[in-house]
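To keep things clear, I will list the structure first and then write my remarks on it.
By written order: A, B and C. Residues from 1 in each chain.
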Amino acid sequence: MSKPGKFSLGVFLLVTLFLHIPLVILFISSFNSSKSMRWEGFSLKWYHELFYNSQPLWHSFYNSIIIAISSAVTATIIGSLGAIGLCWYNFKMKKAIQTLTFFPIILPEIIIGVSILIFFNKIGLNLSLLTVFLAHVTFNIPFVLMTVMARLEEFDFSIVEAAYDLGASELDMLLRILLPIAMPGIIAGLLLAVTLSLEDFVITFFVAGPGSSTLPLHIFSMIRFGVSPALNALSVVIIVGTALLAWSTKNLYSSLLKR
Amino acid sequence: MKSSQVTIENVSKRFGDFVALNNTSLTISKGGFYSLLGPSGCGKTTLLRIIGGFEMPSEGAVYFDGVNVLPLPPNKRHVNTIFQSYALFPHLTVFENVAFPLRLKKVANAEIKRAVEENLALVKMETESKKYPRQLSGGQKQRIAIARALINQPQVLLLDEPLSALDAKLRQHMLLELDAIHDKVGITFIYVTHDQAEALSVSDQVCVLNKGQIQQIGTPAEIYESPANEFVARFIGETNYIRGKVVAVTDAENAVFESPEYGKFNIWLDKKVQLGSSVALTVRPEKIRIAPGKPSNLPPDVNVLRGTVEDMIYTGFQTKYFVRVNGAKEPLIVFRQHVQYFMDEKPINWKDEVSVWWDTKDSFMVEVN
Amino acid sequence: MRKNYGPIYVAPIAFWLIAFLSVPLLITLSYSFMEKGLYGGVELKFSLAAYKSLLNTAVLKVLLNTIVIAVASTAIMVALALPTAYYIARSPVKNLLLMLIIIPFWTNFLIRIYAWIAILGSNGLLNSFLISTGLLDEHIQFLYNRYAIILVIIYTTIPFAIFPLYSTIEKFDFSLIEAAMDLGASKFRALWLVMIPNIRSGITTAILFTFIPTFGNFAVPQLVGGTDSWMLGNLIVRELNITRNWPLASSISVVLTSVTMIGVLFFMRSQSKKEL
């Protein structure tokens, strides 16, 4: 087999360095005692500031967690049921509903943000954690749906028919067959939804009201205030946290698949 | 176990404008091994799904022992299905797969254990009860599917191409085993297949379907030896197919047939025909004899044709010859069994002039279609 | 026969997406055809004023800038992603290399933008470095222009080009390349003439997945762009929150959505052609 050449190796290295260097710089700067980017000695003071002197940040983080969990759970329930219906049943309007579920994925986020803000305004709903929750569920649903459908499509509809054939009621079938086999997909969908919700900035930007700012919104305003080394420390914490989470969920997920 | 008679009465099924089954009626006797045979897409699965309760016919009725079962859902019909893909539940062990129907009925654990073990023994899978479906081979999955379908003690078992996912050797073996299970449990088996060899080898009755229409119902021998029409003749095994006219009736059982390609010869009247009507004959290749040149001592009551060997395929136990009779559009297919290859058979080679002949009783008239 | 439970399973998702997606989109569409209200909102009167003001030179300038940025970033991303994905797909340690690409995306999107502010800002690393080496006498601003936007968009979006390309290249049968070389093609020509046509669907996916988020981007130009490098997203936010001309904000959204939809339809057509 012919080996990839020097050119593609060169571009690969360039891209990889390009992706990593800025984060390495943040990592180093987070231990810099100076407020500027010039190195003036090792210090943990920005971590101290992050953990002990950033109440608003932690409040927004708390909001983020609340929203992420509640919206992910809601989206997972709605999306998983939808996946079961769309994957294994036929009915009128199926195509239309399927098309509708693609929209949140292909539309630019700003469009979803703007239109849902206009909608909340129209129905007179004040911006709050509730509006953030509703918006997050909306953009999370299709991702859960896709993940669960991908899992269900590995199986043949005949196992549903076999369950009926052997005497299962619809509820038996849901609880004893569909949910267990879909479970790895459901958990993956849930984790994906949590991640997307924690990460979302654009849509939240439109629908968050006073006091309901999430971590990304808080970071946004910190950036607008100017460079703060506490942000460097925060990014290190986020990377490490995500790595730990990814590692443990990967283990959880593969153990689920092995069952 | 108890078995029932299944009667299909004028059942039709349409999907939109497409007619998948057209006015089919048939009766499947208690405890029989009944095959639905036909090419892919002919409506076999559709008919089976109607019997099983997964599909509603557009018209007609389905009776089990005289009771109309159409209003009943699948699980109230005393019928179970073996699915083409086996449909084992991937998250349950072999034991739990087989126990599934009993768990739904909240049967006591001890009784479940006894019944599951009994059914696993029936399919010789007692030792695999702790495995998951993905740890089983195709043949083993098949057995589990059978054990699971039988645990509710159905009166009718529906099998939709159950062997199609297995390789040829295993298929043979599983077929015999299915036959043995059928003998043991004694319930009605309705077996769907597109493989004529499968259908002929184990069934009591075969129903041949094409394009949603019943072509012929009969025992395997009837279907093979005396096909009702061209479709059946061509679909079941290989055959030679000769079009022509009945030009004279000799007596109640014999007539003279004339084909534009092969000239006149005698036939046996296996059914009534009008003098002068267009008919077609089928002669199975193994019924035709072949010899080089002009053999002298031919038996009486045979039709003899002369031709040239156009092609031959040697397959060990027999050779398949393609013999072109002068002026014929298609060559005749002739099988010659090699009983004593090296001793007294005169070799026949490519381009040889040969004679072929068959007994007048070995050709059958079929409807022209 | 059994009852068909499909509609019951699908009812919640259908209800939710109609209530919180279809209806809002339709309201937004209808707002674009109304007169602006005094303090945001609209007057319920039909008007094409919003679309007329789209033809205003200031808006057209923003549209042009958006197109330039989106086309340039997409082109650069695909050009970089193609060799990168090719290298990863041909490597014996694919998964490790993929991880290398993914890990930077484990951190928050805004922090990835912020990293570039820390580097390029007038007090940033690059300035400190250039001044300490004497190449520069005073602080200069590398941020708040079109190039900074393109750079940061590439930084935050390039994996969406790499992944689809990777997955199609990975499935490509490389013995075809050897066959082409055997028939006398140079390696470059073999790749160009044999591999590229076969991974076209990956290329279209990569283009679509980078173009759409870039075209509708708002956070990047908001943070590293200047007033003369605005994109449509910034305009929407201004009309929505500051100028409070909701019909105009809606009509820009309609334009943005239409461009996206044209892109998606084009994409779907090219995909279905491929299946022929």
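In this text, a residue touches a chain if its C-beta (ideal position, glycine included) is under 8 Å from a C-beta of that chain, and two chains touch if they have at least 3 such contacts.
Here the structure is a predicted model, which is why all the values come from computation and not from measurement.
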Next item on the list: Please name the chain that ends up farthest from chain A once chain centres are defined by their CA atoms averaged.
Entry: B
Notebook entry, point to check: In terms of Cα-based centroids, which chain occupies the most central position?
Noted result: A
Notebook entry, point to check: Which interface, named by its two chains, has the most contact pairs?
Noted result: A-C
Next item on the list: For chain A and chain C, let me know how many angstrom lie between their CA-based centres, rounded off.
Entry: 18
Check: Taking each chain's centre as the mean position of its Cα atoms, how many Å separate chain A from chain B?
Finding: 56
Checklist line | Averaged-CA centre spacing for the pair chain C and chain B, given as whole angstrom | finding: 59
Item checked: For chain B, residues that touch 2 or more chains besides their own -> 54, 73-74
Item checked: Junction residues of chain C - those touching two or more other chains -> 2
Margin query: Residues of chain A that contact two or more other chains, please.
Written below: 164
Checklist line | chain A-touching residues of chain B, taken from the complex the two chains share | finding: 52, 54, 73-75, 80-81, 83-85, 87-91, 100-101, 103-105, 148-149, 152
Notebook entry, point to check: Can you list the residues on chain A that touch chain B in the complex?
Noted result: 155-156, 158-159, 161-169, 172, 176-177, 180-181, 259
Margin query: Give the list of chain A residues in touch with chain C in this complex.
Written below: 1-5, 7-12, 14-16, 18-20, 22-23, 25-26, 29, 36-38, 77-79, 81-82, 84-86, 88-91, 93-94, 97, 100-101, 103-104, 106-112, 114-119, 121-122, 134-135, 137-138, 141, 145, 164, 170, 199, 201-202, 205-206, 215-216, 219-220, 223-224, 227, 231-232, 234-235, 238-239, 242-243, 246
Item checked: In the complex, chain C residues that touch chain A -> 2-10, 12-14, 16-18, 20-25, 27-28, 31, 40-41, 80-81, 83-84, 86-88, 90-91, 97, 100-101, 103-104, 106-119, 121, 123-125, 127-128, 132, 155, 158, 162, 174, 177-178, 181, 187, 212-213, 215-219, 223, 233, 236-237, 240, 246, 249-250, 253, 256-257, 260, 264
